[in-house]
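Look for subunit A in each of the two complexes below; its partner is subunit B in the first and subunit C in the second.
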Partner chain A sequence: MPKLVVDGKEIEFKQGQTIIEAAKEAGNTIPHFCWHPSLSVSGNCRVCLVEVEKMPKLVIACSTLAAEGMIVHTASEKALAARNAVMEFLLINHPLDCPICDEAGECKLQDYAYAHGVGESRFVEEKTHKDKRVPLGPNIMFDGDRCISCSRCIRFCDEIAGAPELTFVKRGDRVTIVTYPGRQLENPYAMNVVDICPVGALTNRDFRFKARVWDMSANKTICQGCSRGCNIELWVRNNEILRITPRQNDEVNSYWMCDHGRLNTFKFVNADDRVDGPYLRREGSLAKVGWDEAFAAAASELKQFNKNEIAFIGSAFASCEDNYMLREFALNVIGSRHIDFMRHSDSNFGDEILRKNDITPNTMGAELVGVTPAAGGLNFDGIINSINEGKIKALYLIEDDILSANPELENTLAKLNLFIVHSSNFNKTTTLADIVFPAAAYAEKNGTMVNFQGRIQRLMPAVATLEQDRSLDGMAMSRLDKFGTRFDRWAKGNKRDVRPTWKIILSLSAAAGYKLIRQAQANMAEDIFEIMSKKIDAFKGLDYDKIGEKGIMLKIDVAEKA
Partner chain B sequence: MADKRRKKDLTFLERIYIPEIIKGLLLTLKNMLKPKFTMQYPEEKFIPGGSYRGRPVLVQEENGEERCVACGLCSRVCPALAIEVQAAETQREKERYPEKFEINMIRCIFCGFCEEVCPEEAIVMSKDYELAFTSREDAIYGKDKLLVPVHQLKDRIEFLRSYK
Partner chain C sequence: MEKIVLPDIKDLHLIDVYIKNNGFNAVKKALLQKPDDIIDQVKRSGLRGRGGAAFSTGLKWSFMPKTTDKPKYLCVNGDESEPGSFKDRQIFEYNPHQLIEGILITCYAIGAKTAYVYIRGEYHKWIKLFQKALDDAYSQGYVGKGMKTKFQTDFFCDIYVHKGAGAYICGEESSLMNSLEGKRGYPRVKPPFPAQFGLWGCPTTINNVETITNVPAIINNGWEWFSKIGEPKHPGTILYGISGHVNKPGVYELPSGMLLTDLIYNYAGGVPGNKKILCVIPGGSSMPPLRGDKIEGVKMDAESLKAVGTSIGTGGIIVMDEDTDLVKVLARIAKFYYHESCGQCTPCREGTGWMLKILNRILNNEGSSKDLDLLISVASNIEGNTICALGEAAAWPVKFMVQRFRDYFEKRVSPEVLIPVANKVHSMRHTAFPIADIKE
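And then the complex of A and B:
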């Protein structure tokens, strides 16, 4: 491999890499605004100027190809002087409004100004004034003053989203960004421009002014919007999810995620209609009861039926652990062979970039753990038909609002003598349920999901519940989380009385007088996964540590499963 | 027997006590005749100067608007985590304002860091030192209690401008 020297350190590079890429791989990030690893090189911010020996002038590291024997200085006197000058130049027209800017705290310009700026401005003339608060689209607000014209957003729309919607207009210090006439910035991936904007010129209208970045904690998990399973971070303050940002994973989503995932997959966790404790139907309406009472009631109700009269419906929204425990419960405790789950597909949703038509995050996982009819059992349609015919009288459903997905099921579900539902929120399906168990939402539990590629990825909790503590269970902590007491309003965020589905099923089987797994062996989702890894071939040899933050490909034939 | 001697033995005059007592009484008499500093609080109130750090307050402009833009720096710098700010959008020129601004006066230690860090001169230490509450809830001062018209804070603002 060819080698070059950066700051006195010899590093290897691949032919065709630029200096900035080679240096970044070796752990030396050269300051940059307009360069982004997955966008084309534009070279207009000039802040990555470095000194290369035997070259007459400084060169920009982002568009100069690395060459054998090249000697690069990124922090020599000459390079630093140039970088300071570029920073001063960029700051001439940049407003000093960090206090009201949402980007503050994660702003590249702020960071570099701190590192390279002279601290005060020599510019006495009036700064340029451009349009502020321009809505470029339904979700994005543009502030012309703050823009440093790096063109990252323009290149993103052209190259990644495939929807050329933005462009520069005017020249010199009047240059600004507009949408093409009659167009809006509204492609399905538009909000990624907020993440890649190095300054606060583009802001998220959904999150604008909600919180300071340093007041939130960022918790790694995966998106629930479709079967892609984009790697994301949930930003939480006071136990409330405030925004989602994508997390880099080259195998799955690169640096991006779609707007649907970003906007629509966290609000239900914060919603007021969360199920906050077990509910039993009494005299026609659902009434809140204690856990033990609910378990006892569910266990005794289930005993009223013949094992062939009970059917189970798993969920492609639930984790592998949850589905696996449901299957174990169905087959070993009840002895029913009727188990399946509902497929959700939207042929208008998928595209060639990230989105998939399968709008559930864990279809493959549910199949792998065996939430499919056992020998002689009925599949989903068969279960529905049998309920209509009166052969199946009890239904156990986890984490899926099947009635909203298919409103025609209303009459069918109304025929059931017993309908037990695990649900995170009250919805159409729970209105027909006899017993509702409060299921932890994806942001409140550990677990695993398998995406359409056959890649197993981890869910990690971001929201504390009554039984899951933020510090004891290893969630990310902000300063407010660390030092808040129970007397502080900003630390009193709503902690809900919910439990993960696998745990509810374990307790229920204990109440039914059957030990599914010895309690001592199953305190955490990880323990369930350990059992699964011994019993399910696809998960052989895996554990949570091996799966890690970025997931791992399963050794399965994906085409066959899909 | 050990030789117990003072560092300095008293002289004869000191040993007879009378002159020393007279000396002490003279000092008392001198102080009795000096002007008094005691204030008959609460009938009589102490009015501190501009350098005094009383409870922190928010500056309210003459038009009734707060100067604060809810940047959250006071909240970040506060060593006692007394300040909670929730920002929201407004149509004013500075597009951000505090929808909620609360100082927990039980937590506040009157260090003045919030005032020092404020980029808008929007939070300043007032002369108000009369803080009493009977419950934890009462100790949380919201915008209703924190906003003080700018003309009442002139002393402090002048002090800050000359020494900051």
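And then the complex of A and C:
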């Protein structure tokens, strides 16, 4: 491979790479604002000016191709002088409103001002003024004063979202960004511009002014919005999810996620209608009971039925671990062969970018762990028919609001003699349930899911529960979490009495007198996965460490599964 | 002295008059030769671009790829928006057919089938005049498909007039191309250069109007003839546009290398009231100015001007007499570049406004000696750090005017360092103590 020298260190590069790309791969990130690895090069911010020996002028590292034997200095006197000069130019008209700016703490301009600014201003004139608080679309607010005209957002809309909605207008230091007349910034991926905006010019209307970034913790997990399984981070303060941002994974979602995933997949976790503790139906309405009472009730109720009268419905919203334990319970404890799960598809949702028509995160995982009818068992439609015919009298359902998905099921479910539901929130389905177990939401548990590509990825908890501690269980901690006291307003948090489905099922089988798993040490989701990895071919040889933060492709024929 | 670009022939803008005066013979002659030979002749003639950079025209043409599956284009830059520059419009008005003939020869030499003449939007009159000339040339078969029968050749090319939308920056070659493509007039990051990636990503040559108008004469009279006119390193005639404090302002076509004083005193009739010259800008407002007491013996060609720390630019000479308010001049020039900065890249976008604000402050007698250093520093920080040459265009007048007229500027600023009052008040506003109580 050809080589060039950056700051005295010889590094290899691929033909066609620019200096900034080659240096980045070698671990030397040259300061930049407008350059983004997956957008076109615009070369306008001029912060990446570097000195290249034998070149008459400084060149921008983002557009200059690396060449064999090239000698680059990113911190020579000339390069530093240029960088300081550009930083000064960027700052003269930039408002000094970091204390009230949402971007503060994750602002490239702020970071570079610390690193490369001269520390004092020679600018005594009045700063330029542009429009503030301009809603560019339903979810994005624009502050013209803060904008450094790097054009990342414009290029994102043109090149990634395929929706040219933004443009520059005016000239010189009057340049600002607007939507085209009669249009809004409202493409399904629009909010990514908030992430790539290097300053606080574009802010998330759903999140702005809610929290300082350093007051939140960020935990890595995967999006629940569809079967893509975009890698994300959940930002939590006071045990409440405040926002979701995408996390880079070139194999899955690059740097992006869609607005649906960003806005609609976390609020139910914070919602007031969470199932907080187990509930039993008494005299027609659901009443909160203790765990032991709920397990005992469920175990004795299930014993009232013949094994062929009980059916199980898993969930493409639940993890592999949850679905696996349900299957084990159905087949080995109850002895029922009737197990399946509901498919959720929306032909209007998918697109050519990230979104998939399968709007559940774990269809493939549920299939792989065997939440499909056992030999001679009924599938989902068969189970529904049999309930209508009175052949199936008890239904055990996990983590799926099937009634909202298909309101026609209401009469069917009403016919059941026993209906046990695991649910994170009260919903239409739970209104018909006899026993409701409080299931941990995806943000409250460890687990795995398999996306449409056949890639297994990990769920990692971001929200603490009564049985899962933020610090003891290794979740990311914010400064408030680490250093706050119980007197702090934002260090208390609402911890809910919920458990992951697999754990509930384990306890339930114990209450029913069965030892579902021989190993008594099944304390963690990881232990369940270890059992699965021994029994399920697709998971063979895998463990949580191997799956890691970015997931791993399973050795399965995806086309066949799909 | 023979004039090449603007000969003294009555009604030369009419196609019949042009044809009678040896018109379209050069293109006939050129079409019988190989394109590479044409490029070679232009290269040997020493013709250098008249748009400002004075780059060798033949060399530029030779950068065009010989083998490509893309169409090639010629752009003719008639944006002429540099203050002090008003020569191209003379060509549109008085000798448009020689420009057309030059375009045909250039297209043949570089293998382009299409040429665009980009004319400054404010030049309504000259756009009409040139369009009329072009229509006449088309109707007589000198341009377009008619060339095949007219010249008995397989080669033909089309010429289109494109009207600019009123931006100085569109005279910069790459933003001109963006503008032609219907995009915002933003300069492109170079490399790639136009010969590789020009109009619509295709190989493109872009030349100034005056440059192209010289080409037919080179083909007719031979490169040796041309190379012997004026200064050997920058041969040919130059359209000197003289304006400002002179008795006879105007465009004068004269050989390169004329003495600046000769131009001002002999051709432009000297300074009104016989006043002394304070300052001369030799090549349009963006070029470094010269002190009036340093213009003796200065020759007007690229190399000689480089030696005295300025540049030929477009040959637009601006003369300022001793009563000129240089601070006002500089503030006005700075205002122009502030207004015309496209705003794409940081140093120019932010720096032009900053320099203007400082200069306005000095105009209002609120400047200090330190501000002069600041001006030079800001200008130096813009220079060389931008995408296009507008950075230099904005920085040079400020930097060199302040440097070369430091004594003049020092008289206009306070020797003390002024701390702006606004800032003082601001910092004190929120203290609990009365200002008088705060000891130094």
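The criterion applied here is as follows: the second predicted complex is superposed on the first by the 555 of 562 C-alpha atoms of A that agree within 3 Å, B and C clash if a C-alpha of one lies under 4 Å from a C-alpha of the other, contacts with A are read in each partner's own complex, and residues count from 1 in each chain.
As a convention for this text, contacts are C-beta pairs under 8 Å (C-beta built on N, C-alpha and C of every residue); 3 or more make two chains touch, one makes a residue touch a chain.
Given the structure is predicted, the values throughout are model-derived calculations rather than measurements.
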(message) Contact-wise, after the overlay, does A:99 reach subunit B, subunit C, both or neither (first, second, both, neither)?
(response) first
(request) In the three-chain superposition, say which chain, subunit B or subunit C, touches more residues of subunit A. (result) C
(request) Please work out whether A:110 is in contact with subunit B alone, subunit C alone, both, or neither, and reply first, second, both or neither. (result) neither
(message) Let me test your reading of the model: by the given contact rule, A:315 touches which partner, first (subunit B), second (subunit C), both or neither?
(response) neither
(request) Quick one: classify A:265 as touching subunit B (first), subunit C (second), both or neither. (result) neither
(message) Just checking: does A:427 make contact with subunit B only, subunit C only, both, or neither of them? Give me first, second, both or neither.
(response) neither
(request) Please indicate which partner A:509 is in contact with in the superposed arrangement: first for subunit B, second for subunit C, both, or neither. (result) neither
(message) Quick check on the superposed pair: does A:209 touch subunit B, subunit C, both, or neither? Answer first, second, both or neither.
(response) first
(request) Have a look at where A:488 lands relative to subunit B and subunit C in the superposition and call it first, second, both or neither. (result) first
(request) Would you please give the residues of subunit A that touch subunit B in one complex and also touch subunit C in the other complex? (result) none
(request) Can you check the complex and tell me which residues of subunit B touch subunit A? (result) 69-73, 75-76, 81, 84, 87-89, 94-96, 102, 104, 119-120, 136, 140
(request) Within their complex, state which residues of subunit A touch subunit B. (result) 98-100, 104, 132-133, 208-212, 214-215, 479-480, 483-484, 487-490
(request) State the interface residues of subunit A toward subunit C in the complex, per the touch definition above. (result) 41-47, 49, 57-58, 60, 63, 82, 85-86, 88-90, 92-93, 122-126, 128, 148-149, 167-168, 170-175
(request) Spell out the part of subunit C that touches subunit A in their complex, as residue ranges. (result) 167, 169, 184, 189, 338-347, 349-354, 357-358, 361, 374, 377, 381, 384-387, 420, 422-423
